[in-house]
Amino acid sequence: MVAAMLCIVVPAVAAPPTFTVGWSVYAGWNPYFYMAKSGILKRWADKYGIVIKVQRFDYAASLDAFVGKNIDACTMTNMEALDMPAAAGVDSTALIVGDYSNGNDAVLARNNLTLAQLPGKRIMLVQKTVSEYLLERAMDLNGFNGQISQLRLMNTSDSDLVGAFLGNQSNQVAVTWKPLVSQILAQGGNVKPLFDSSKIPGEILDLLVVRTEVLQRPDGSGAKFAKAITGAWYETVAQLAGGPGAEQVISGSAAASGDSVSSYKEQLRTTFLFSTPKSAAQFSESPTLKQKMDLVRQFCFRHQLLGQNIASVDDVGIRYPDGTVQGKENHVRLRIDSSYMRMAEQGRL
Amino acid sequence: MMAIPGAAQIADIQAKPRRLWTQSLSWVLFLIGIFTYLQFSVARHKENPEDRVIPSGTQLWQGIKASVLQPAEEDDALDPSANTFERVTHSMIWKDTVSSSRRFFIAILLLIPAVLIGLHMAVFPYAEALFLRFVLFFDKIVALSLLPILFIVFGIDEWSKIMLMVIGVGPTLMLDTYNIARSVPREQIVKAFTLKSSNFDVAYRVILKQIMPQIINSVRLNLKPLALFLFAGEMIASTDGLAYRIAIMRRHMGMDIIIPYLLWVAVLLFGMDALLRVANRRLHPWF
Amino acid sequence: MVLAVGVLDGEIVEVSKRRPVEISLREVSVSYPLSPSGRKTVLSELNLEIEAGEFVAVLGETGCGKSTLLRLILGQELPSTGSIIVDGKPVTRIDSRRGYVPQKYSLFPDRTMIENAMFGPENAHCGWLGRLRPSFRAFKRKLRAEAERQLLCMGLCTADLNKYPHQLSGGMQQRVAIAQALMMKPPVLLMDEAFSALDPSTRASLQQQLREIWQETRPTVLFVTHNTSEALLLGTRLIVLAPHRENRPGGNVILDMSLPQSGDTISVRKQSREFMELREHVKRHAYGNSSSSGEYRRVQEIRERGDSPECK
């Protein structure tokens, strides 16, 4: 917070231009660690004559750093891309649509509770994140929309959630993500998943987001950065998804979070990776994306995540690759840019 | 405002500044702080009018109004015809203040036995033999690391947070009371026994009575660690409370709420400290 | 100075005749282990018989064990060997049968002067529950009147009664300390360098007051001091102690003599030739000879008429 408050915009100084990418521990983002460690990233950066640094953060801290302009790009979900930078007025562009959560996030409950019985029970989750979104979608899709306001949510930090949930039988419901979900289920007992993100495919996206002003730098270094990072990403992901050297990539990525290889593979299983640039670009240009983003932005607006005093959901506009805008034209804050993904597909990187 | 003090005077221990100067100087740092903040805020807003990291004056004012007049988002909306008093008592900041304060004061009540144990440790040799070494060791256990155990034992609701405060601050109070009670001159204890006091007379009517003002000062100093533990507990797992709201607001950069909350907590603690100071002076004019 | 009424067993009574109380120490020694090895002996094989009503002044340099002696009789310390018998009963703990006036810190800082004086009798009257009874109020009123009278007798003025100890001078505090002890009418009074922290004129005035009080009620007094004149002016008997030395017979006591009494006030006696000769005698035999073998002496004759005592 202090860093954010004392931040001063520093223009890229001295050649070669340096860019920092922040990442945090998650199945779809761990490959950034491997990318940097194995030298893939350096190769691509050297190709364009720039330097790219990769820095690990706690998730919330990475968002703070991004909004505070201390880092140039950051891995985040589509929901955070809307809440934090966009809503705080930092124009951001999603460069890479990496994957979506396909079961990585789940609602867990003890004692054979059903969704209908959830209102009134205390639910442990990290509030104002995709966990809360998942829960609401779970209620919504099963017809319990009217009872969402009766849910008793207890904001529990992810580092303590597993211990607290398992340690006390009176904690009956938790919403969280893998590997925490796996840890809880592994303890056996009577905990079952009630709902998970595979039932809402495409709604919880994992993106690489860069500040639009960095991307649009007049000297073109921002564009170089975009190309380099996109190229490095797809090279890594191609190996991860089953190309040669997959084991190396997997173990390297697992090491990023200290996970075992089997645990990491388990997380990958429930992550829908856009392993080819084609699939990623297609998805980002499809109308499905717009539908999903609309659901997300309505959620954010309802929960005042777009800002305490934002009058309407349209005050944070989202621009899509085909030029359409959800929201006010003159208030575009989040852009989905598929051009670099297309370039990767066409081998023009 | 007669002569402005010269450089020699400002660096002089024997200086006797005039009252006007002491009063005005004490506000200077506040003003510098506010001014610096506003500079940063204006700079950031110039390049990004919707910036929320360093909110401007208007944003802060709106944040204050929202906390004081609007209910928390998990609560139901108010009846629009409610008067100001009802709006305030249903507001977000009221709800959070009440729940945080409740935990705070229950913890303080539970700390009274800590003071008594410290007193007994100082006065009764067997109590000292039993407790001292253990308390000295237990004091060094970082209370925050006990939190997972507390969650298991006390559940995740109120009691684990209250016990975190008690375990965190208790040993400090015990040891402080012990040292303060031991500094009562031995002669008084001997004298009290010759004046037909029983053991409890000596412990309570002689020693506790005269160390009360120092105990209250010790509690004043421990208000900050107490608040720290409360905040740690609330930020980790809670449904309401001042620190809970700050943790939630952080998720979407709601500095326009966080900063008023911070200042409000500072005001509350300052007020409590002042209250204790005044009470101490009133109750113990001899100190 | 009349203290004909006092508080006995918690009630304010007329005190007619003081019950005589004697102190005796038998084969008392005090020693404690030193690290890494060895023992430090403070008192060794002390045998002392003090008769009821004696005013014993104990003199000695630092480390001679005079404070230890006082603490033994008080009950604050236990001897390594031997026993201390007061009034026929052995001493095991500090209790109200022996009054105590230390050099300082004797008053409770959170109570006013008069509350300090009332402390003892209040305790003696009833326990915690008894304070709730309405009869306690009546008792407190009587007690307050009595305490006020005694403090005024000691030399405080009315304005000072409701002040706190830190607001008054050292001399006033010691006066109240003495009154505080005496309110309990203790049969034995132990004073540990009670006047050593006072300036000479206050000291002289308090010495005179103490003498007069003592003559009224005659408690057995053990008065520890390092001031020779004070010891000689106040006491009926003088004991001089010296630090323990291995090969000295008689242990710590190097002088034990009766002192001549006189009806004059202290200020008069101080000027008398007799007094000055006595002081020289004591200093020569006690302090001058502390490096020699130091024989145990006892002067039996008591001269009422003012002859100088014979030594040897």
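Quick notes on this one:
By written order: A, B and C. Residues from 1 in each chain.
Rule of thumb we're sticking to: a contact is a pair of C-beta atoms (placed from the backbone, for glycine too) under 8 Å apart; a residue touches a chain by one contact, two chains touch by 3 or more.
Just so it is clear, the structure is predicted and the values come from calculations on it, not from any experiment.
Looking at subunit A and subunit C, the chains in contact with each of them are B.
In this assembly, C is the chain whose CA centroid lies farthest from the centroid of subunit B. A comparison of the B-C and A-B interfaces places the larger number of contacting C-beta pairs at A-B.
Chain centres here are Cα averages; for subunit A and subunit C they lie 85 Å apart. Centres computed as Cα averages put subunit B at a distance of 50 Å from subunit C. Between the Cα centres of subunit A and subunit B there is a gap of 38 Å. Interface residues of subunit A facing subunit B in the complex, by the touch rule stated above, are 4-9, 60, 64, 67-68, 83-84, 87-90, 122, 124, 127-129, 149, 152-157, 159-161, 163-164, 167-168, 170-171, 303-309.
Taken together, the subunit B residues at the contact with subunit A in this complex read 40, 43, 47-54, 59, 62-63, 66, 73-74, 76, 147-148, 151-152, 155-156, 235-239, 244, 247-248, 250-254, 256-257.
On the side of subunit C, the complex with subunit B involves touching residues 74, 76, 93-96, 98-100, 102-110, 119-120, 123-124, 127-128, 164, 166, 177, 180-181, 184, 186. Those residues of subunit B that touch subunit C in the complex are listed here as 185, 187-188, 190-198, 200-201, 206, 209-210, 212, 284-287.
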